[in-house]
Amino acid sequence: MPRPSGRAGDEMRQVTIEPGFAKHAEGSCLIRFGDTHVLCAASIEERVPPWLRNSGRGWVTAEYGMLPRSTHTRTDREAARGKQSGRTQEIQRLIGRSLRAVTNLEGFGERQIRIDCDVIQADGGTRTASITGAWIALHLAFEKLVEKQAIPAIPLIGHVAAISCGIFGGAPVLDLDYAEDSNAETDGNFVITDGGTLCEIQATAEGTPFTDTEFLELLRLAKKGCAELCEHQRKAIGG
Amino acid sequence: MPRPSGRAGDEMRQVTIEPGFAKHAEGSCLIRFGDTHVLCAASIEERVPPWLRNSGRGWVTAEYGMLPRSTHTRTDREAARGKQSGRTQEIQRLIGRSLRAVTNLEGFGERQIRIDCDVIQADGGTRTASITGAWIALHLAFEKLVEKQAIPAIPLIGHVAAISCGIFGGAPVLDLDYAEDSNAETDGNFVITDGGTLCEIQATAEGTPFTDTEFLELLRLAKKGCAELCEHQRKAIGG
Amino acid sequence: MPRPSGRAGDEMRQVTIEPGFAKHAEGSCLIRFGDTHVLCAASIEERVPPWLRNSGRGWVTAEYGMLPRSTHTRTDREAARGKQSGRTQEIQRLIGRSLRAVTNLEGFGERQIRIDCDVIQADGGTRTASITGAWIALHLAFEKLVEKQAIPAIPLIGHVAAISCGIFGGAPVLDLDYAEDSNAETDGNFVITDGGTLCEIQATAEGTPFTDTEFLELLRLAKKGCAELCEHQRKAIGG
Amino acid sequence: MPRPSGRAGDEMRQVTIEPGFAKHAEGSCLIRFGDTHVLCAASIEERVPPWLRNSGRGWVTAEYGMLPRSTHTRTDREAARGKQSGRTQEIQRLIGRSLRAVTNLEGFGERQIRIDCDVIQADGGTRTASITGAWIALHLAFEKLVEKQAIPAIPLIGHVAAISCGIFGGAPVLDLDYAEDSNAETDGNFVITDGGTLCEIQATAEGTPFTDTEFLELLRLAKKGCAELCEHQRKAIGG
Amino acid sequence: MPRPSGRAGDEMRQVTIEPGFAKHAEGSCLIRFGDTHVLCAASIEERVPPWLRNSGRGWVTAEYGMLPRSTHTRTDREAARGKQSGRTQEIQRLIGRSLRAVTNLEGFGERQIRIDCDVIQADGGTRTASITGAWIALHLAFEKLVEKQAIPAIPLIGHVAAISCGIFGGAPVLDLDYAEDSNAETDGNFVITDGGTLCEIQATAEGTPFTDTEFLELLRLAKKGCAELCEHQRKAIGG
Amino acid sequence: MPRPSGRAGDEMRQVTIEPGFAKHAEGSCLIRFGDTHVLCAASIEERVPPWLRNSGRGWVTAEYGMLPRSTHTRTDREAARGKQSGRTQEIQRLIGRSLRAVTNLEGFGERQIRIDCDVIQADGGTRTASITGAWIALHLAFEKLVEKQAIPAIPLIGHVAAISCGIFGGAPVLDLDYAEDSNAETDGNFVITDGGTLCEIQATAEGTPFTDTEFLELLRLAKKGCAELCEHQRKAIGG
């Protein structure tokens, strides 16, 4: 069964990144995985959450949101409903953990960097685009602190990027778009460093449970995808 | 006292409009007043609020939001705080009223058109850009209904656009940017049709109360500005 | 078309003011515009909001509410619904701004005066009665601070009062009651000082947009109304 | 130890009742127990809560609120805080139960009568004044249904009134005002019919637990007080 | 009319108490009144509410909850609904007051003891089981403070226990189970010390108001029941 | 580095299961993984969520909560805070998905089974104990429907159980307790069927990212653990 987009099984959508998209943010980019567009903006706050006061350590956290009409049919505005959904909270916790896995929290003083990931347009894979773009926003914000001589060096241990994989029509495929995502038998999100080590694996059987063999194939695809994404990140930060 | 931007007193910021910016929405545009960028997206819903059921009439409403880092310093996410601010509610009520003032509510059946106005970047005048762009999104959504032969004609009586004016440094100026807005003695928002009639006037003394004469000068500037904006709208809808 | 109440176009409803109505408040009055009755009560707080700490300045703010059965048919209690409506928030922001426009915020130390405007009975014009009565409550609270020698003089630059005007049955009329308000083509609220200068203008086309000429006639009526209200205020404070 | 007000131990505060105080309500009164003033307003709703649909029975319920500056020092507005306190909920549940104890719920069809009890000024005993006044508002609302021939007779089995008693300075006293209430060793609220039977007893030791003998003396006082209040009710409804 | 359980009118359900049920709590027990099972757990907090800071006094408070399926048919989870019901708030306020009535608040420094009473299974009388069990949890927590030599002695003036009584089928009965509770004409909860003095009385006519004589019979039963409960408490704390 | 509990790396804590623990629930058990105790209770509802009406399909969902003092130090009650945490929502979504992965949703009509998983005592692994126990509660509830002849057969495709694994002190270990969980370098939760296929994998690097090899070792341990848990399930349902 061919992919709706005609892509090969291990082919990602076109990735484009516009660093500095948000004029006011300390670091930002607009990242596009095909028709999925996410604006990632980092804000530096000169204070940490209460449990870190006087610890000498900083914190990195994330918030996530979708514009109401980023989706095929309109999604209610979370601000109007008065609370964030469980899905939103899961995603923003995932983004934060992923970034912290490659950040030296001792390396930028008692500051909090908050990354807002707002989905301007959604076509599957918003959380993986968010993580990949958030890393760039974070890097740019750290650059600003280095430029101002507030910190001596960028406290990032490496890159982190994320991609989805799934079993679609019986075959493992890389970087699911919405048409695939809503029909996949199994759906996984992988957060992987530029060294190929793993920060986070989330795999879910939407229908029939999956086998070890299937899972390992997804993992292989994810590593290929994240390696490509780290390359995009390098270009975006001028590296 | 010259304007921070160097503009003449009756000179607007550069206006650009990208219709169709949001792929999934029935009508949309990204509107820019200088560094103020608002994404306006119209969604057609095949049902009306309870008080209009079986009335044969439709409804037009709006929601408004700002991305957390659209502002100079980060603003808390309303979805995370669990409620919309009074300011947000004022603005979305204003957008809705302004659009309804030029819409024939009998002309599109029992449907609701909801316009989401989301501020991607803020530099003063977000509510006036929202109204001006929302009219385009609404027009495009109505076009879609006409194309589908769901309604016979676009049920808009005319254009509506909005602009701010204020007393800055003692002089009346058109289209305040953030640097002016936060220091103006008087600040007004005007919602005006292409016929030059008035839908809404909101004028506030931030410091010293203002005189009739000053107010009339603001009104004159606003009419000039809205006439220009209607011209931009015409081009955006291919008119 | 005659007014439902039989009043002349430029005739206000009977205004009565009972200063000192709320025994516990530092300043208060019950103000009546015909069948619209609002209890305005000022509370002096010996602390300011966070953004004014150590500024040497005070703050004046307002809250607004309606008793559930102040209205023709019962309105849900906002405390039971768990949030204040957009309308409530708009009104209380308007009352606060109007009072601050005639208050010298440097003149009463780091104190906050909070004015509660609670509608006991509603028949149109609750926000304008609230502003007019709130000024009295504020004046009386400042008198109390002067009496206690906490401040040297009443830090009010002048009076402020408010009135509604509208186009009803094609004609401009002053001080709309509920029967007029719910059928007016255009509806405006004007906040005006005793010197005749303007603090706030809010005018809305409920149906057909209005012309400059119509607006100017509303403004003329509003000035007449507010001048009368300032006279009532003077009597109420024993001036 | 004399009572702060100089009253005898079994002496109530002056009670006054203004029936029909709220112009729009189907039944209402302003009831005063000395400086405690409560506006009670009944609204007839032509539908019952879900669990009574198609039962042929009606329902009586109550809501309670305090104006923010009804109290000695200002109390936060519950609508602004976004929820009703536990105390508010206790009181409104008590008022509803007390009224239902003397109402024939089969006697007025599938209607709900909602009684709003809003404290305009507080000086102790707001819940007992509320119950006593709510009965009058309820009676007047039922009169209106009889007048309209919607129901054949007033479906009230009898009167119900309420009063507080307490141990103050070691002695039992009737109808505590705020000065007593905040210093009483024991505080009780009694809801009693005109036949002298009991609907509700709530007695609480604020300090030392109380004895049976003390409790029985409070009960005796309460019966005397409620008998007087039923007399006031009779006059208020023109009986 | 016999009791559904076959118990005599003055016969309580079987009471069992497992002290130390919650491994992590400073004091705890699982208390059972027949099929009503409540877990009471005391937590010692080294800080008091704001109004007691620098007073040298401590505070005792309680929270109450029911597991969703503790009841015959499932009850919505309060955490999911986003607020605690009025009933929950009434009960937790009652538990707190009852405990404070026998606690010397000067005797354990500026600490707060918070008792969580969570209903594992409900069959009537959850609030009375909660109070009776909470006293044990509180005692055990105080024991822990004495052991650690943080306080010199257990600051409890005596025992407090609670039981319900009601008029069921025309007869006064002790310790209502759910089958009785939902059909009782009158229902009362009594909180009584080991000395037989009264902390709290709450009696409610669910149908016909009740007489003094009936009430006194309920009080007599309650005293008998609480005396037995104090005996159970003594055994549970090894006294 | 030895495990704090002295267990071997692939050794689980003692598992005990008491089926039928909750008297009122249609299916229930108390499941213990060592000192982690979770009460799982299934409620059958004769209606489905709106999106499934008239589909002929049923739904299985879950809610999760922790008693405030189930934890080492007290956790705030979510009902009192007015919302469920992101963690709570993640867990209850996970439990629901896991159960649905082995349930034939066509096999029990338009019913919803809701499983409440309430943590009575916590010592690590509450979500895995919840899933494992929830399956038993679900099975028992289905048995009840079969007994009542409401459905012909139990619509479960197989067992599902869950266990945590992690890298602790550099070594892979099975079934982390709290002491391990709070210090693990990597932490994973695995949801596995009795056939050894995978429903859900969640693995997170708390510190250093992990390698493929490490992950595969965790997966191997998890399979061993879940096989043992399925055996416990079989016994608990009398199979």
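Letters A, B, C, D, E and F name the chains as they come in the text, with residue numbers starting at 1 for each one.
Just so it is clear, a residue touches a chain if its C-beta (ideal position, glycine included) is under 8 Å from a C-beta of that chain, and two chains touch if they have at least 3 such contacts.
For clarity, every value in this text was computed on a predicted model and none was experimentally measured.
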Farthest-lying chain, centroid of Cα atoms versus that of chain A: D
Whole-Å gap between the CA centroids of chain A and chain E: 51
Approximate Å spacing (C-alpha centroids) for the pair chain A, chain D: 59
Chain D-chain E separation of Cα centroids, rounded to whole Å: 28
Chain E and chain F, separation of their C-alpha mean positions in angstrom: 33
Where chain D touches two or more other chains at once, by residue number: 82-83
Successive chains along the ring, chain A then chain B then the rest: A, B, C, D, E, F
Footprint of chain D on chain E - complex, ascending: 83, 85-87, 89-90, 92-93, 97, 101-102, 188, 192-193, 195, 197-205, 207-212, 215, 219
Residues of chain F touching chain E in the complex: 22-25, 28, 35, 39, 41, 43, 45, 63, 65, 67-74, 77-80, 82-84, 88, 114, 116, 118, 120-122
